Amino acid sequence: MKTDLSPRMKVVVYGLMTVLLIPFVFPTWWMVTSSIKPISDIFAFPPEIIPSRVDLSTYSRVFELQPFGRQYWNSAYIAALVTAGTMLFSAMAGYAFARIRFPCANALFMVVLVGLLIPAEVTIVPLFQMFLGWDMINTHWPLVLVPVFGAPSVFATFVMRQFFIALPKELEEAARVDGLGRFRIFWTIALPLARPALGAVGIFTFLHSWNLYLEPIVFLSSPELFTLPQALTQFTDAYGGAMWNVQLAAATMTAVPVLIVFVIAQRQFVEGLAHTGLKG
Amino acid sequence: MNVAARSTTGKPHKRAFWTMERRDTLAGYLFIAPQLIGVVTFVLIPLGLVFWYSLHEWNVLAQTFRFQGLANYEALLNDPGLPQVLGATAVFSLGLVVFNMALALLLAVLLDQKLKGIAVYRTLFFSPVVVSLVAWTIVWSFLLQNNGGINALLALVGIEGPNWLRGSATAMTSVVVVQVFKNVGLNMILFLAALQGVPRELYEAARVDGTPAWMQFTRITMPMISPTILLTSIITIVGSLQVFAQIAVLTQGGPGMSTTVLVYYLYQQAFQFHKFGYGATLSILLFLIVAVLTFAQWQMRRRLVFYEN
Amino acid sequence: MASVTFSDVKKSYGNVEVIHGVDIGIADGEFVVLVGPSGCGKSTLLRMLAGLETITAGTVEIDGLVVNELEPKQRDIAMVFQNYALYPHMTVATNMGFSLEHRRTPKAEIAQRVEWAAGILGLTDYLDRYPRELSGGQRQRVAVARALANSPDLILADEPTASLDRNTADRLIDDLASLTRLHNRTLIAVSHDYALLSRMDRIVDLADGALTGETGHG
């Protein structure tokens, strides 16, 4: 481990990694290139790794067949609300569980942790009934409320708590001597210092919301309310067969912006994950 | 007026009501209130309701809601589809965890080497994690078609590939593989961080003692990163029980019921066949499996984990 | 102007009493150090004076006013911690002015007081730096300057030299001593640093939560 490899071993490691890379990278490449091929070329044999002809008309078909712009907006604003809400409330709860002494704190923390044990799928039937009773079926409310306050946010609270536990006690005492109350300590001292943990929580909350699939198909039925994952599966012909080129174009538009953000901010992604994972 | 006058003159002698502890108590409750109310509303109450529903015959289309005791649980035990569903769930989860952990560890060890350009490899291995799940699954579905990219590539080297998603064994393998490549990057990064957290002096001491490389790995590295392996295996197993979008997009549970895992079966019963009572009973089963697995992992923790911070 | 009186002060955690009735009087402008083996309760005593720990029984007075129930901010004190406790996300100047800032002190006055305190502790060139860019000794001087900038009459210091090397600690002790002599502050420190002890007006000995002796240096 961590010793310098011999030149021969280096070749072996590079070769092995490059071969292993194929199933990780090729699907994305194939998605993007197939989406710009004319329909007649996408099942061509031999397969065209680099497209010989480009046809971008598929991309306008995406918007003709589904209210795709609207669906894009739905996914984006839901993910933004969920991310902001989760960051705020999980930071508050995580801070209180880590730093404030109050009666029953440990018992209440255990109650919250139950959320970690229960996959969202277990409670989907009663949640459907509850939202039906509140007249919120076929609205975006369930897709915002459940992630921000329910089981998915518990992991975020856990991560934030682990972070705040490690914050030096003296900083808060200095702040109290400086005359700050609890809320000001949280807002001006603890929260700014929690930026790495908040970033990690934000990234993974966003991805979780962006990928949500079971919940939208259970709660939503009108195409103009659909989110992207749900919309992607709707591009079928009259016989229910997949319209591959249109699906791939829509998939490309869904995946590529996030990939670009990832490449730009990949250090935060990876380090944020390592950070939360280790502590968790 | 009298009261006001008394209270102002009385003040210096009384203990102030809003002492530090009281204010902290109030702040603590206010800070956790959103999360706590949320967990009660969206986790605990629904969990109770699931159990309550499971004691009822409830068909949404027929609008029946009738208490029937444990009849749903009897139906569960006699459900001819259930053994197949549980079998598929077990095969999927085991296959996923074993393949995922092994690949994650291999990638982490490779990425732990001091090599130029290693960060680029790390980024690329991680990239599927940020690709939208359904988009990723659609591409693989496209690749796995009988006339799709994978069989075309195999044909170039003279192999006739199977119709991946139409044979029961290959369909299950496909679902596992698609899911592993999607998310193995997460575990890879966790393992990499754990590997880099092993104190370098331990390896130096081992090298001074002349310990061979493979023994350094099995006797130093593995014990030192075992807490991470355990943690990620819990997360991966529990996560594997939640697989839904991949099944829905790739195979719809087929061919036959060969890839109908528990969550997909639950979804079919509740939302396609409108049997909410039976769906709730399946939810209880899913909950019990997750609870037992988590409990078993925590017990194993005592025996297997050699080192902890 | 700040005198401090501890009268029969006790502290319990649950059923365990750790401080058993301590009486100390400290005069205005005195430089006093509390000493004793670790765990004897000297830090707890200081933290009770600061308002960071509750007082189980007895009274603590600052300038004749019973402060038992007052928040730290109402006691007009400043505190220097062993681990500096500088806010890592703020510059030296912001750290020093932070307390004044949210007490709605005018900006010009904050700047003036920060300048003044920085000048006394030789930090004028470091005002725009962040704590991570400073050495341990510089950080602790920032902590002292932060205490000074708030211009309380009473400054508390919990093991101020424990994280510093010998030379840096000596320099800090000079600074602390000058605060009492030149700027008329009362300073109460908890320490087991002998160099610090030799510069004291008075040493208060504690063991097992009770006063065991006092030494005046005159």
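Just so it is clear, A, B and C label the chains in written order, and each chain counts residues from 1 on its own.
What we mean here is this: a contact is a pair of C-beta atoms (placed from the backbone, for glycine too) under 8 Å apart; a residue touches a chain by one contact, two chains touch by 3 or more.
Keep in mind that this is a model prediction, so the values were computed, not measured.
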item	value
Chain-chain pair with the highest tally of contacting C-beta pairs	A-B
Most distant chain from chain B by Cα centroid	C
Where chain A and chain C are represented by their mean Cα positions, the distance between them in whole Å	47
Chain A and chain B, separation of their C-alpha mean positions in angstrom	14
Inter-chain centre distance, chain B versus chain C - centres from mean C-alpha coordinates, in Å	50
Numbers and ranges of chain B residues touching at least 2 other chains	21
Interface hub residues of chain C, defined as touching at least two other chains	51, 71
Chain C residues touching chain A - in the complex, by the definition given at the top	47, 50-52, 71-73, 77-79, 81-89, 98-99, 102-103, 150
In the complex, chain B residues that touch chain C	15-16, 19-21
Residue numbers on chain B that touch chain A, as the complex places them	21, 23-25, 27-29, 31-32, 34-47, 49-50, 53, 106-107, 109-115, 121-136, 138-143, 147-149, 152-153, 155-156, 177, 181, 185-186, 189-190, 192-195, 197-198, 200, 203, 207, 213, 216-217, 221, 228, 231-232, 238, 241-242, 244-245, 248-249, 263, 266-267, 270-271, 276, 279-280, 283-284, 286-287, 290-291, 294
In the complex with chain B, residue positions of chain C that touch it	51, 54, 69, 71
Chain C contact footprint on chain A (complex, rising order)	168, 170-171, 173-180, 184, 188-189, 192-193
